[in-house]
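The following blocks contain the structures, represented as structure tokens.
Look at the two complexes coming up: chain A is in both, with chain B in one and chain C in the other.
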Partner chain A sequence: MTRIGRVWRKSVDGRTAALYLLPSIILFSVFVFYPMFRTIYLSFFLTDQTGNAAIMVGFENFVYLLGSSEFQNSMKATGLFVLYTVPITIILALFFALLANEKLKGIGFFRTMYSSTMGISVAASSVIWLFMFNPSIGMFNRLLGVLNLPQIQWLLDPEWALLSVSISTIWMNIGFSFLILLGGLQNIDEHLYESSRIDGAGYFYRLRRITLPMLSPTLFFIITISLINAFQTFGQIDILTKGGPSQSTNLIVYSIYREAFINYQFGTASAQAVILFLIILIVTILQFKLGERKVHYQ
Partner chain B sequence: MKMGLASKIWIYFLLIATSAFVFFPVLYAFMISFMTGPEIIQGKFFPESISFENYSKVFSRLPLLSYLLNSFIVSVSVMLGQLVVCSLAAYAFVFFKFKGRDFIFFLFISTMMIPWEATMIPNVFTIRKLDWFNTYQGLTLPFFALAFGTFLLRQHFLTIPKELHEASQIAGLSRFRFFWRVVLPISKTSLVTLGAYGFLTTWNMYLWPLLITTNQSVRTVQIGLKQLQSQEIATEWGVVMAGVIVVIIPTLLLLFLGQKQLQKGLSQGALK
Partner chain C sequence: MKKLLTSSLFWVLILAFAVLTACTNSDSKEKNEPTKNDTSSETEGTKDDGAATGEKVSIEFWHAMSGTGQESIDAIVKGFNESQDKYEVKAEFQGSYEESLTKLRGVGGTKDAPAITQVFEVGTKYMIDSGYIEPMQKFIDEDNYDLSQLEENILNYYRVDGELYSMPFNSSTPVMIYNKDAFKEAGLDPEKAPETFAEVIDAAAKLKTDEMYGFSMLTYGWFFEQLVATQGGLYVNEDNGRSGDATESLFNGPEGLNVFRFLDTMNKAGTFGNFGTNWDDIRSAFATGKVAMYMDSSAGVAGAINNAPFEVGVAYIPHADEVQRNGVVIGGASLWMSKGIAEEEQEAAWEFMKYMTTPEVQAKWHLDTGYFAINPAAYDEQNVKDKWAEFPQFKVTVDQLQDTIPGLATQGALISVFPESRQQIVTALEELYQGKDPQEVLDKAAEGTNRAMEIANKTKQ
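Our next item is the complex of A and B:
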């Protein structure tokens, strides 16, 4: 047998494996890697209406963005939105998960209630909240009315709009975070609690010394996912505020969408997409660096 | 664990109060969907009578039935596509030894750091070039490959004893038959988890269908909601809420039935 033949035979595993991996590799190439490189490429160009690169401008698009008050505004809104939503969502979900982890009669019902928002789409949730925020017939202003407090133009007041969108987003994300955290809590070994109970340790002592440290990998995971999700927010903005009033809720993905598909400025839109990519890359790397040190794996 | 009566009551109180709080918006939307215009303006919580008028109205204003069907076709397609593509890849990572496996694995991981929104502009152009606007393949195919799904299944495949694989090779079972007859049946729970996850996320997808559908032919319910909301906003909230309830029922049912499974499966996949 020739040498080539032997090499061919020896690599049979590799070739068969390639067959199994091929669908994923082709799809990732076409719909993830190629468009990512293309986005980076386009960010250095001015484009025509159909999105073809027309004039190479180097870093002009980025220089323009960093100097534009519109983009600065969008970055600020995105940052604030992340700050408003992520910590509160996780704290609430953790509280609910701790409650739902007690072994009581009918606990399954409560678990279903807490996780319900995961089954409700962003579009449907946004429409429900749009009604609740309605200044004249929405329940929030009715409630304020009953309490004799001044009415708030929830989604129409630049001071309140981002906060209102954040409140609705917290609600939308609670179901998923709850489900993940509850799963994490249930993976904790019962024996750990039994030995501590003999010493007469109280609930909060056990929470601090056993539950939270053992839950840290799950917490770490859900914090990373929530951060990334928050930077990708789109649907609720499109339905609730359209980025307004006076751009106070123009989060980065909405800003990319508008720049690309309404203004047809694909160059600057791509530059924003590259910035979004970099932010998420940094968040992920930071999380992993911090996570390595802080997280306690079983 | 033994719990005192007082703390039991206290926990039940917290459970009831907080879960009612979480579920309130859905319940509220449900109530509104049965109300007439004047009832909504009066700010009632319970409708005076249960009438399905808003529901029949929403089906006549929008081609909601066809949107529902579209959403169903798209969600099932993505679910099946993900199951096939991800399980094939996961199988290769676990049961094959080949050069460059670590590198390819790294490539898969790296896709998780690329936010989908950062690639959407060229993706829209790709779909346009393929002439896939307003087609099911344009709505579904880009989502078949999923790194998260591959990891989830890989985790489960790794727990299959190596001896089983060796025995099957001695018995002369082909690679594919081992995958089809042994690996997949053993991993049913993970496949169900991934399937439910895929269906749920696709049903709820918003931005991509918004970009890819320009007419009603393959439009999904989520975009239908946006349409409904912008048409009816000023006057008929009851009709809008009826639309909302129709759209959330399939996924809520799926979640209620599969909540336990999903919670177990997702948290396992999350923690290597």
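Our next item is the complex of A and C:
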């Protein structure tokens, strides 16, 4: 028996594993790895009008972006947007989930209502919000008019636009977070509550000592997902503001889209995508390092 | 177990992120796949009628017209298919101008490309440079087609170096639309709209009430280009990009500054209403009496007249006081013939384009949509005359186009990075409305456009 034969025999597990992994590796390669490496490759080039790499420029795209006030503004807007939407969405969703977790008559109706925004596509709900924000015939300004308050240029005032988009985004995202959190709440063992009730614990004590710790894996999951989603927001920006006014809602993903598909600058667009990737990577790593300590797995 | 769970969750998230990034922008591309509808049955029908004709040549026509435009195109295509039995055109809506251009980039120059594609006017330079297309001039020369029957001012835009690269199709120009009732209330003459910047500023101040702004303009680069052109100002160097590749923007010169000062004066006086970048918003603002005068496309005139509960006036766009009016630049889109497809397909496409330019078809198109007839003989058709008698406002748009002084300015600029430049102008306007200095914001837009042109020239092959 030769050495090669022995190695071959020993690695049988590895080879079997590779065989099982093959389908997903092929799929991932085609749809994830190839586009990813292509993006990184393109980020070092200037592209011609048909999107082919034309001139190698090294890190010039990155240098240009980091020095450009527009891109800095995009990063700032993205940061603010994440800050506006993620905490509020999760706190509201948790509040609704706690309410809907009570065993009451007809609670199924409320559960459906609270999660219903999940069933509406981003495009459809953005169009509805667009009508409500309309400066001349929108519902919000009509309401303000009835109450004799000054009119607000919801989507046209750079001070308000990001807030307006955030409000609609919170509304859109609550459904999904609510549903996941409610699922987490339903999974908590009833006996824990029973024993604590016998011990005479009050509602808020139980919430702090049982519900939240038991819910922490779900909370951790939803926070991570919401953060990543918020960083990648695109649909509502495209429909509501197109990045305006004065770039105040030009979030990074929208700026990538505009650079690539309106300006046909795939090089700088790819560079932006790479930077976004790094940001999300760092945020996610940080979250796993810091946030995970507080997570209680049963 | 816990370790495994977290680390696998971590990697799943990373991958999920990568997937999302990779496909973030692809969602708009998959609508309206062409359905192979009943061509087979129709071809059979032809065989029965006359075996001599053989197979019909079938071509695709990509367009970006939704709503009434799409209905009108479908009717025109149907008319063409029924008018002869050699060719079969299939019209397919491919999303907005930007979207259909992006799709074309995937198949351009191959035999899978549609025979005819509708591309917006600012894509002209891009298409010429792309190598996807066969210049229209080739077919015009081969067929001895008489171009003089088409509107000269429209041909001027699409003619580059004396050659026509694409067939004009839907053309529009900007107009100023105003509320005649509001003019009467403010003591202004409703039959005589203000013509110069100073007159507009003046009228806007008189028209301003608590409910209503005096003047408004969609925050869109096209209107700025027009207001510069009507003063005879150029947008970029190299004769507006027509004698060579432009390298420097000129729109931040005195003409552009005039426009920004004009808007700034009204904005500071509180007589200017900002209704954003959405056509529907500014149109509804006008129809609900929130603004008395605004600038719209000539293709929006019909809608304004129909939607407004008051009397609507249409006027030429204003110009700076110290200069003569030069007129307007053509906007809209033209039809491009693909290269790399079979010869008989090109022939079919050419026949279809000729059909599109006939007076009857153009009259229908003009009445359905409010776009210009590129063949002026259409204006002599009875149905057009009837409509004009009823709505004289339509005629103003045509008069304004025909009064235009042909020149470099009104021929329109030719740069491949127009979409990007327009975006820069939008940002500049938005910053102007926030109270920034006109020259400063214009210079910033010019700088951005210069950089885009520099990259485009550098990477051109």
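Brief remarks on what is shown
Operating definition for what follows: the second predicted complex is superposed on the first by the 274 of 298 C-alpha atoms of A that agree within 3 Å, B and C clash if a C-alpha of one lies under 4 Å from a C-alpha of the other, contacts with A are read in each partner's own complex, and residues count from 1 in each chain.
Note that a contact is a pair of C-beta atoms (placed from the backbone, for glycine too) under 8 Å apart; a residue touches a chain by one contact, two chains touch by 3 or more.
Everything numeric here is computed off the predicted structure, so don't read it as measured data.
Of the two partner chains, chain B is the only one touched by A:Val127; chain C is not. Ranking chain B and chain C by residues of chain A touched puts B first.
When the two structures are aligned on the shared chain, A:Glu102 is found in touch with chain B, with no touch to chain C. When the two structures are aligned on the shared chain, A:Tyr20 is found in touch with chain B, with no touch to chain C.
Looking at the shared chain after the overlay, A:Asp48 reaches chain C, while chain B stays out of its contact range. When the two complexes are overlaid on their common chain A, residue A:Ile88 makes contact with neither chain B nor chain C.
By the touch criterion stated above, A:Ala260 is placed in contact with chain B and with chain C alike. In the superposition on chain A, A:Leu163 makes contact with neither chain B nor chain C. Shared-chain residue A:Trp171: touches chain B; no touch with chain C. By the touch criterion defined above, A:Leu212 reaches neither chain B nor chain C. Note: residues 28, 31-32, 35-36, 39, 50-51, 130, 137, 221, 228, 232, 234, 253, 256-257, 260-261, 273, 276-277, 280-281, 284 of chain A belong to the chain B contact set and to the chain C contact set alike, using the contact criterion stated above. Only residues 1, 3, 8, 11-12, 14-15, 18-20, 22-23, 25-26, 28-29, 32, 40-41, 43, 84-86, 88-89, 91-92, 96-101, 104, 107-108, 111, 113-126, 141-142, 144-145, 150, 175, 200, 203-204, 206-207, 210-211, 222-223, 225-226, 228-229, 237, 240-241, 243-244, 247-248, 251-252, 254-256, 259-260, 262-264, 266-268, 270-271 of chain B touch chain A when the two sit together in their complex.
Taken together, the chain A residues at the contact with chain B in this complex read 11, 13-14, 16-18, 20-21, 23-25, 27-28, 30-36, 38-39, 42, 50-51, 95-96, 99-100, 102-104, 107-108, 110-125, 127-132, 137, 139, 142, 171, 174-175, 179-180, 182-184, 186-187, 193, 197, 217-218, 221-222, 228, 231-232, 234-235, 238-239, 253, 256-257, 260-261, 266, 269-270, 273-274, 276-277, 280-281, 284.
Those residues of chain C whose C-beta lies close enough to touch chain A in the complex are 1-2, 5-6, 9-10, 13-25, 98, 102, 105, 108, 126, 129-130, 219, 274-278, 281, 284-285, 288, 290, 416-417, 419-420, 423, 426-427, 430-431, 433-434, 452, 455-456, 458-461. Within the complex, the chain A residues that touch chain C are 28, 31-32, 35-36, 39, 46-51, 54-55, 130, 134-137, 153, 155-156, 158, 221, 224-225, 228, 232, 234, 242, 244-247, 253, 256-258, 260-263, 265, 273, 276-277, 280-281, 284, 288, 292, 297.
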